[in-house]
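The letters A, B, C and D name the chains in turn, as written, and every chain counts its residues from 1.
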Amino acid sequence: MSASTHQKVLGVAIAGLGRLGQRHAIQLARRTPNAQLVAVCSPVPTELEWARDTLAVDGRYDALSELLVDPLVDAVILATPTSLHADQAIACLRAGKHVFVEKPLSLDVAACEAVEAVARDCPDQVIMVGFVRRFDASYLEAKAAIDCGDIGTPFWVRSQTCDRYDPDGFFVGFAATSGGIFMDCAVHDIDLARWFLGNPQAVRVFATGMIAMYPDLAVHGDVDNGLAVVEFDGGQRAVFYVSRTMPHGHETTTEVIGSGGTLQIGMGAHASRVAYRHSSGVSHRVVPDFFARFEQAFQTEMVAFVDACRGVRPVSLTLRDATEATRIGQAIALSLTTGVPVNL
Amino acid sequence: MSASTHQKVLGVAIAGLGRLGQRHAIQLARRTPNAQLVAVCSPVPTELEWARDTLAVDGRYDALSELLVDPLVDAVILATPTSLHADQAIACLRAGKHVFVEKPLSLDVAACEAVEAVARDCPDQVIMVGFVRRFDASYLEAKAAIDCGDIGTPFWVRSQTCDRYDPDGFFVGFAATSGGIFMDCAVHDIDLARWFLGNPQAVRVFATGMIAMYPDLAVHGDVDNGLAVVEFDGGQRAVFYVSRTMPHGHETTTEVIGSGGTLQIGMGAHASRVAYRHSSGVSHRVVPDFFARFEQAFQTEMVAFVDACRGVRPVSLTLRDATEATRIGQAIALSLTTGVPVNL
Amino acid sequence: MSASTHQKVLGVAIAGLGRLGQRHAIQLARRTPNAQLVAVCSPVPTELEWARDTLAVDGRYDALSELLVDPLVDAVILATPTSLHADQAIACLRAGKHVFVEKPLSLDVAACEAVEAVARDCPDQVIMVGFVRRFDASYLEAKAAIDCGDIGTPFWVRSQTCDRYDPDGFFVGFAATSGGIFMDCAVHDIDLARWFLGNPQAVRVFATGMIAMYPDLAVHGDVDNGLAVVEFDGGQRAVFYVSRTMPHGHETTTEVIGSGGTLQIGMGAHASRVAYRHSSGVSHRVVPDFFARFEQAFQTEMVAFVDACRGVRPVSLTLRDATEATRIGQAIALSLTTGVPVNL
Amino acid sequence: MSASTHQKVLGVAIAGLGRLGQRHAIQLARRTPNAQLVAVCSPVPTELEWARDTLAVDGRYDALSELLVDPLVDAVILATPTSLHADQAIACLRAGKHVFVEKPLSLDVAACEAVEAVARDCPDQVIMVGFVRRFDASYLEAKAAIDCGDIGTPFWVRSQTCDRYDPDGFFVGFAATSGGIFMDCAVHDIDLARWFLGNPQAVRVFATGMIAMYPDLAVHGDVDNGLAVVEFDGGQRAVFYVSRTMPHGHETTTEVIGSGGTLQIGMGAHASRVAYRHSSGVSHRVVPDFFARFEQAFQTEMVAFVDACRGVRPVSLTLRDATEATRIGQAIALSLTTGVPVNL
């Protein structure tokens, strides 16, 4: 990273303007200091129009190859379908751009490793995978507490990603390509477990699951509620629960158990600091979805990426983390299919 | 208290078989070791029948004077109307019986003092006023923590007795004789404030209130929501909130603020350890009334009384505490009526 | 059950006066209406002396066979070592006594079934296994809510029995005979999962675990933290976490997830209704152990047993439930040892 | 407000670069879309240097009169001492600038009304007082719920502003000019009470207080713990508790009690979504101060002001609200001094 990079505003482009891409675009256009959203790329004309009308973005392309030759672009955010992530990340790196790629890096371990190989050849470029929960203030507090020894030696992680039941079953349409519930949801939990446990080596996994509410998942071999266990080489364990059928909202939580204490993150999924008292009892509202829960973290994540590109501070997660998350996630998916434990 | 008392089972009688009297009767008949419910007294024939049929009590009287000559009676529980408490307590003492009298001891300070005078002449007899919240496990934990210095020097108490809104307005019928909302409800909070603050002397009070839901209270000069402040001679303050109109249940809470910490008792008024998650949010159920909240404390209180009568351990509260609660409560009631602070 | 049984006080004996036996003895002697503790049995002379001195029990035996011929004994509580439960239960039944036997009924499924066979021959005698958590007010509230359809169709249970870390490792001494952590602790959770899910048939289990704090467990093939999954025939899942190493206290919780809601029991393990505010934050104290958490439930359980013996109301759990808990628990223990899923 | 205003970026200046002024400056420079921090004003040279070095602000003045002739300045943020607010606000208005003035508008009701009079002559200019808690997401949720009838008719507000104990007693140095604890802290609570209750007219107040930890306050007639009651013309009541001595952090809460429900905002003052379990119990950390608690609200507030200046949407609070807060606050301060209720 050259010293000059440090001084100037970073020109950022976004490829993919679906739900998540649009959120990144708004973050970059309005709330990320030292960055400017200079270009967008999407094969969908209405998405490009949205970027023009809402965010006044001048550079608008329907192909990544065109965007990569735009000289104003210093860095690219890849919010495209997962199946494109690895190849696009490589293309960006080869075009000399910094890259932020949404999770998972790929459903294929070999593809992850291919990106790693190219990245090793581009040591001055930043490449970062969007494990956004690492940038949430509560997860950061927990990590700092653990690093200070607050809970002794951590040896067990319980983590869950549970989405609110969607009567429309929006996600079912993606079941064919998402890699299944574990790759889609638990990949965050896998990454967090490794992070909190100090990056132990996974040696064996087991998974089980069932369909409670979405029978259409059966044709894809997918489930709407699942559990996975990971055994690590130091004896540590991680347990993941994933669900698409929560009645109340998005309750994503993580518990870390150590020899001197435990900590829990996110229990209750409070939408705010308001508590209600009615004849039915005492209650609070719940965050409806991942975006509402991690709105601040998405912002912090983007700031971290921009800071890294500008040489202000290094990124805290590596491509190796992303590859490991895929490797473990795919073993879990295999165990779900075969019904037996899978060795890594 | 003679040594022989210690050995034998205590014969207990109950005068007054209204809601609270019946509860005491059941406690004594079924769940109080070393005590036997030997007699009851009520002017209401159906109440005496209830005691015979449900609890198989042999001694049944329609006048206290008759009950007091029953040789099986060692101790009397007075759960009669407040206006009778003082005279009946004196009669019991003079008959050589131990006495447990429901709070308040009297609405009249002079009557309280008259009981004190008689009690001084009967040093071998126990007399105890039913400030049941002092026997609740959480209040006891708080008191022990404060006595250990856990919150430094306590200097401010906030306490509330808030009843669930009753569409039938059952309590309105008692407004003429209850002494008003502060004497009826806040007398517990007054006693607790003195207990937690180390029995400082009250020097001035101020009260205000309003009618939110029960217009029929106006003719009695009573309110359904009220606030009172007590200033003590050491500078300490106590603030009481009383309400008859809570939508969710009985939320009786106390907060003690000290120089090194604070503690809160009863917040949330959980009916159990169950939490629910529905599309409307996360919730828990609430205790419906004073009896549900303090069921265990009523039991502990009765055990403490029986233990005291049997010489096992002394009572932790004095008649002086009861007199002070009435003195402060009546000053608060006066301030509510006159609208100005009242000096004590 | 004869009508006459209904009228008289039940004569109860207790065999086994260890920690749990003594608690049952105190409950029966002091807080269980319509029952009288008439006899105890223990091979340990000091335990018999304790029963004489503390509870004034007249019938004291060092062998169960002697106790069983005591005509005052209507019912026997077996709080003896697990290895004796089945044979002793059979002996009690054959002697014409009602039986309450602590969990687990046996570590051996065949022994459980032998008890079932004898019990079928004694239809007028009550036999009940001590799944105490079924008698806890919060678990009962949850069951009632589920039965009312409050959470729709329940399909997933997460339940844990987590003990506070004991520096003395008291429990390690029992590791050789306890049947391992799952039979010792999770047997409650297994029973609860079947109860909440409507008694589905378990078809497969998987378990994993590790030793975090007690290396001496290794020689017994036991662990101090473990996880087990049960797959039921209707697709339902149950997940159990057991731990001996919690830093804060005994946190035993259960979560039931349904199509229309979820509920959680016991989260936070509050010791009381007191919350503290200090410079270190806001906190509450935690129940230290199973006894503190389930003190009321032990009382309710004993009342339920006495009521059943006296014909007042039937028991809510069956010997079949106890056999199933052992069958599932043993399969889990086998999976822990072999490392592979076990079919039932 | 002209249509053209809508289009352009708002040029904003800040007068006063103390703790709060610096925070506003950072917000405007980095996180407020459609605004540019074009100038600052401070009599303290190092503060001007800070603005130059940290935020690269070109316009730097040591007198407000100079700043007001800078043609780049469309709007002025007044974060100056309270005693200057009213005169400076008038000067800004007369110079044709929009004005944001920190709370309280003035300690003097007549001065507030003078600002109101000038503002009436400048209908095209925005003037807004910094009642930041109105812009907190939780307070907004509560207000929306109340406006929807969620708690029926609100009739009682309990609100508190409680600061963490500061061993250095930083605030004591301001006691001479702050207007006392109620004007300094409770002015927010006063404003919120009026907002939630639908702007009833205050008719009488009463206050009491004591010094628990800061004896130096005595010379200023100030207290470090205080309570105030406000009686409104419709019978509604508001109760405010203010404290400088909380051991755990900044716990600012508000409770609104209505005929059909109640709601509470901010209880527990959670610093994050993390809960800890240690041998001492279950705990969470607490926000240390007002800035940490209301960081997001400060941002939202500034966005609201900029939007109002640009004609996007009107401000939700009026100068009349600020005048009323001062009027009630000063009556409370008088009651604290005189010891008697004060009529308004």
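Everything that follows uses one rule, which is that a residue touches a chain if its C-beta (ideal position, glycine included) is under 8 Å from a C-beta of that chain, and two chains touch if they have at least 3 such contacts.
These numbers were taken from a predicted model, which means no experiment stands behind them.
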From the centre of chain C, which other chain's Cα mean sits the farthest off? D
More contacts between chains, A-D or B-D: B-D
At what distance in angstrom does the C-alpha mean of chain D lie from that of chain A? 38
Computed distance of Cα centres, chain D from chain B, in Å: 43
Could you say which residues in chain C touch two or more other chains, in rising order? 151, 246-248, 260-262, 267, 270, 276-279, 285
Note which residues of chain C are touching chain A in the complex, please. 151-152, 155-156, 158, 206, 208-213, 225, 227, 229, 231, 235-237, 239, 241, 243, 245-248, 257-262, 267, 339-341
Can you tell me which positions in chain C touch chain B when the two form their complex? 30-31, 33, 137-138, 141-142, 145, 150-151, 260-267, 270-279, 285
Going by the contact rule at the top, pick out the chain B residues touching chain A in the complex. 246-249, 251, 268-270, 276-286
